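The next part holds the structures, each set out as structure tokens.
Look for chain A in each of the two complexes below; its partner is chain B in the first and chain C in the second.
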Partner chain A sequence: MEQNEVILSVRDLEVQFTLRGQTLTAIRGISLDLLRGESLAIVGESGSGKSVFTKSFMGMLDNNGHVSGGSILYKGQDLAKYTSSAEWRKIRGHEIAMVFQDPMTSLNPLKTVGRQIQEAVELHQGLKGRAARQKTIEYLTDVGIPAPEKRYRQYPHEFSGGMRQRAVIATAMACNPEILICDEPTTALDVTIQAQIIELLRDMQKKYHLTIIYITHDLGVVAKVADRVAVMYAGDIIEIGTSYEIFYHARHPYTWALLSSLPQLGVKGEPLFSIQGTPPNLFKAIEGDAFAPRNPYALKIDYLIRPPYFELSPTHKVRSWLEDPRAPETAPPDTVQRMMARGREAADRV
Partner chain B sequence: MSEQSREKLLEVRDIHVVFGKGRKRFEAIRGVSFDIYQGETFGLVGESGSGKTTIGRAIIRINPVSQGEILYRGEKISGRIRPETQRKVIRNIQMIFQDPMASLNERAKVDYIVSEGLYNIKGFSTEEERREKVRKAMLDVGLPPEFASRFPHEFSGGQRQRIGIARTLIMNPELVIADEPISALDVSIRAQVLNLLMSLQQQYGLTYLFIAHDLSIMRFITNRLGVIYKGQIVELGDTETIFRHPLHPYTKALISAIPQPDPLTERDRVTTPYDPSVHHYGQEQPQLTEVEPGHSVLASREELEAWRKALQ
Partner chain C sequence: MLKYIGKRLLQSLLTLFIIVNVVFFLMRLMPEEGYFGEEYDKMEPAQIEAALEAMGLRDPIPVQLVRYYHQLLHFDFGKSITVRPKVNISRIIQQKAPYSIRFGLASVLLSLVVGIPMGTIMALKKGKAADKIGNGYIVIINAVPAAVYYLFIQLYGSGMFNLDILYNERKAISALLPIISMSLGGTASYAMWTRRYVVDQLNKDYVKFARAKGLSERKITFGHMLRNALVPMAQNLPANILLTISGSIYIESLYSIPGMGNLLLSAISRQDNPLVQALVLIYSSLGIFGLLLGDLLMVVCDPRIKLVRGNEALT
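Let's look at the complex of A and B:
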């Protein structure tokens, strides 16, 4: 974070899928610089393209999808140009690894957990035999699995959900990656376990100097882990900033909507704030601001011209016409305003 | 809300649920009792494996009860019951399942999925009537009725959960057991589905048994709450009372683990894990005892005294 070195640079990325002869644009021109050592959280509802976006860094798009524009620069290479799986194999795991949502399905039930981690150790670190086994057991200890020697020989079904997620993280660590993408790492887990896994990921980040991208819809998790937050809607980043900026100074109506739909902010007996309508159909070209039809603050121009980014600070950008000097003054909904004010006060005191 | 004036819809009396036999015997539920009153939302919260789902399933007779009994409007619905009672249970108690991706028949159209319950109880006389009922159920949950001819894979998670709700609604139930109905959905959709559940409750006077592990949602939606740990209720009472002054260390641990959407508090937050060895029960079996009106805790006599003092 100190040197702000860019590790991965995405420029005007566009990803399209072909479905039944129709083209769906899942990512509509995203630019993003990932800084070495930071943790970036990507939030947004399902279908906003947050998973597709990160999968495009790993060549893991489904067969009917492809990068149709823009570039992904990583260590001088443009990943967007990669086509063969031989090329991708150099990136996957070795440079960028992933932890998936459901530890039940991301481990092979027919192999012992130790074998699966050792596989990664052998493949990515060139160790063999006893040395590889030794290393594997080190990783198991690292991720806080008690009795690693015994656990090494056990199968995934003998592990609890939290332990399984730990094993998945060990596998990812064994690849020795630069960037770790965590796709909803805690959604399938209990609250008490969730906290432990988050804690573990933060430890791993420190120990191995990782850059982590969290994909999540849990704003509580985001608040805990993220240095920066990117809010995605309909295949686009509509607001990005440091986690303080997003939680205490959010400016995009969609970010407000996400914050105010949290049950923590709800008043009993009253309906929770929820975003009306459905996300836009990405098979069609989107005119103007994609969020406009669901946005109570929408201006006329929102239906016509896609807003540019307005820079509120060197780190805080928002894609909304409301920031234009000609736009009327707007304030976030009361509940969000109260929450943000509380946060700002606390931040001032520190 | 005075509890005396309200009618008990469901009474769970000291139930035990056992899986396996002999050496593999595992008692998943170890003597759980609670009442659900007409029109309220009762929540069961606990970590996975605590048995909260098993209780829900025991009520709709998926898992047999080995001891104790469950009464529905004063009538026994657990163990051996008459076929008429069984039909009544099916009609009046319905369940919404956790994972809308797994709980819908992928090969059936929505029309069939929603009306499957009706087919089972022959809840319609003409095809026309059935279609009308499907139409109404779909509208109730906010789905266009035209979607009835589609297959589940064409829907998003939130829409699929709406289908799951539609198929319980069509049965015109009194008690709906919602087993983690929103934990598989994302934030904005969660709010929609929660709002939907609340408005349906008002519209049809439904009673909910809400099973979840997420306490922030529980605080928002439930009137009363039971906290389950390893097959026993450790704390039971009005939701707000429990949140304001939780007594049992497990409840405290759970509440301390609720993530807050605030980076500053999150950074410094310490979660207190639950350590069962803080209890010194010895020979004494802890009992679920009322410490103040509408608030009971599983405690030994010694703990009870300490907590009662703490309350004053």
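Let's look at the complex of A and C:
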């Protein structure tokens, strides 16, 4: 993150879905600047809109969803205005590529893995025939698949889960993208394989100068890979900052709650912390802070007016009334405080 | 893979063996007048007995069985009795089958060529006008008795386009209406299944991933989805093609095509025992062979099938 060049700029993005005649607002006005070369992690519970948010950069929303407001600026183009698949095809793969959650289903079972990667090579690098095949084998080698010549001719069912995810990553790399979106890239894998895949993604990022967005609810992954972390709740980014800021200086009660649910923080013999209540109904307009009903620190104003962003540092923003000068002093829960303090000490020692 | 094919082959042979025997024993249960035709009423019991003995039907069952196997191995199905008296059954079939096969193949081909693209388009335009029109067609074909639209096509088709009302061997164009009529049902069912299997593929992750790669919808449809969608259909295709030999009873009589369509029915109604036996054997072995080919075709189409052992289902 040496240079702070903005590669993708999202402004007031709103995404709506129509379900059985009702309108659901999945993304409620998000603004975000993605910096070239960084790793941004987007965390949040299921249904918070993490996937929908990033899918809107590629025109990959389900048929009943559409961008209903705001803009997505990329290389001088507003992607939010794209409608036809011909327009999107200029972005998909070549500019922004994606790695899906489940490597078991991301590959076509009836085509050899080599052919599927080669498709991307042919489409995005203009290579054909033997040259394309050669390049494909290079990518297979690149992502650490042994015996690439042999693997090229094999079908997905002959690959293990980890190897398939490597093949999926090779496909994404073959598109030669600027931005890579990894939608829960390790969730479906064994723990031991998870670390390898994360390591591979970091290598690829260095080698191909990628900007990576990780979508995950695994804070362990976040800590390993992310330069910056955006915390999403109910279709909104409620806190964003550097990894250090989010893990050791978090200010939003929802971020505290997420950190408290880390199993490492649990006390042996006691039930693991969980956030009470359920996320809000996105079919209805949300008044005030969406997290207020589940928030033990909620103020009266949280139920009435949506909090603005308060800047805690040039990189750290939080959408919470607790940061207002008029709000009472609030400290995070003890366990989180202890973890943060330990983390800060460890970080200071380095 | 070879092991799978070998196993599948053995299964087919076993099935065939069972059928051959079942047919043999069923035929021994049939009324004996089926071996005589018209003359039966005029014959004395002693004459009947003598004739049956001459045909070997009074021999012990094992002896008959061995003789029956021996004949089958030489493709000797015996002679017809009532339908075409004293004519070799293999000759009857040789004369009639080519007509049925020609019409059958042409109509299966037409059904495939029309039905598969139709089903694909319906799936891609799911819920839109094209899909609704297609569904309307499928419902009509399945709900309206075939005789109604067969007659309609024969009468109005020949009138409007000035075609022959009956099939004429010397005019190739006269085959058009019967082929179209025969293909309508197949078209509807291929369209229906293609639509169903393509719709299954639409939301698969690999399709989304292919889209995220930047592939065009055309490439996704033809390069990825269609093959996955057609695999489950490949299984029935060879049997469908082989069984065209049995002909279409209704179409053949409507256009007076001298095919196989009516043969089994008239053999049964006129108690032509050897002919019934031969036809049942031929149709069932073609059915078994077709299923075998279908399974082998699946092996060719789907690389995963090599891993399937025993009765495990395809996932």
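FYI, the second predicted complex is superposed on the first by the 350 of 350 C-alpha atoms of A that agree within 3 Å, B and C clash if a C-alpha of one lies under 4 Å from a C-alpha of the other, contacts with A are read in each partner's own complex, and residues count from 1 in each chain.
Assume contacts are C-beta pairs under 8 Å (C-beta built on N, C-alpha and C of every residue); 3 or more make two chains touch, one makes a residue touch a chain.
Owing to the predicted nature of the structure, the values given are computational and were not obtained by experimental measurement.
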* Counting only touches as set out at the top, which of chain B and chain C does A:Met60 meet: first, second, both, neither? -> second
* Taking the superposition as given, does A:Asn281 touch the first partner, chain B, the second, chain C, both, or neither? -> neither
* To do: Applying the touch criterion given at the start, work out whether A:Ser84 contacts chain B, chain C, both or neither, answering first, second, both or neither.
  => neither
* Between chain B (first) and chain C (second), which does A:Ala257 come into contact with in this model arrangement: first, second, both, or neither? -> first
* Identify the partner contact of A:Gly343: answer first if only chain B is touched, second if only chain C is, both if each is, neither if none is. => first
* Structure fact -> Between chain B and chain C, the one with more contact residues on chain A is chain B
* Does the superposition put A:Gly47 against chain B (first), chain C (second), both, or neither? -> first
* Asked: Which holds for A:Lys111: it touches chain B only (first), chain C only (second), both, or neither?
  -> second
* Can you check the complex and tell me which residues of chain C touch chain A? => 204-206, 208-217, 219, 223-224, 227-228, 231, 301-304, 307
* Structure fact -> Seen from chain A, its contact residues with chain B in the complex are 45-47, 160-161, 187, 190-195, 217-224, 226, 243-244, 247, 257-259, 261-266, 268, 271-275, 339, 342-343, 346-347, 350
* Asked: Touching chain C in the complex: which residues of chain A?
  -> 58, 60, 85, 89, 91-94, 97-98, 100, 102, 105-111, 119-120, 123-124, 155, 157, 168, 171-172, 175
* **Residues of chain B defined as touching chain A within the complex** => 47-49, 156-158, 183, 185-192, 194-195, 198-199, 213-217, 219-221, 253-254, 257-267, 269, 271, 273-274
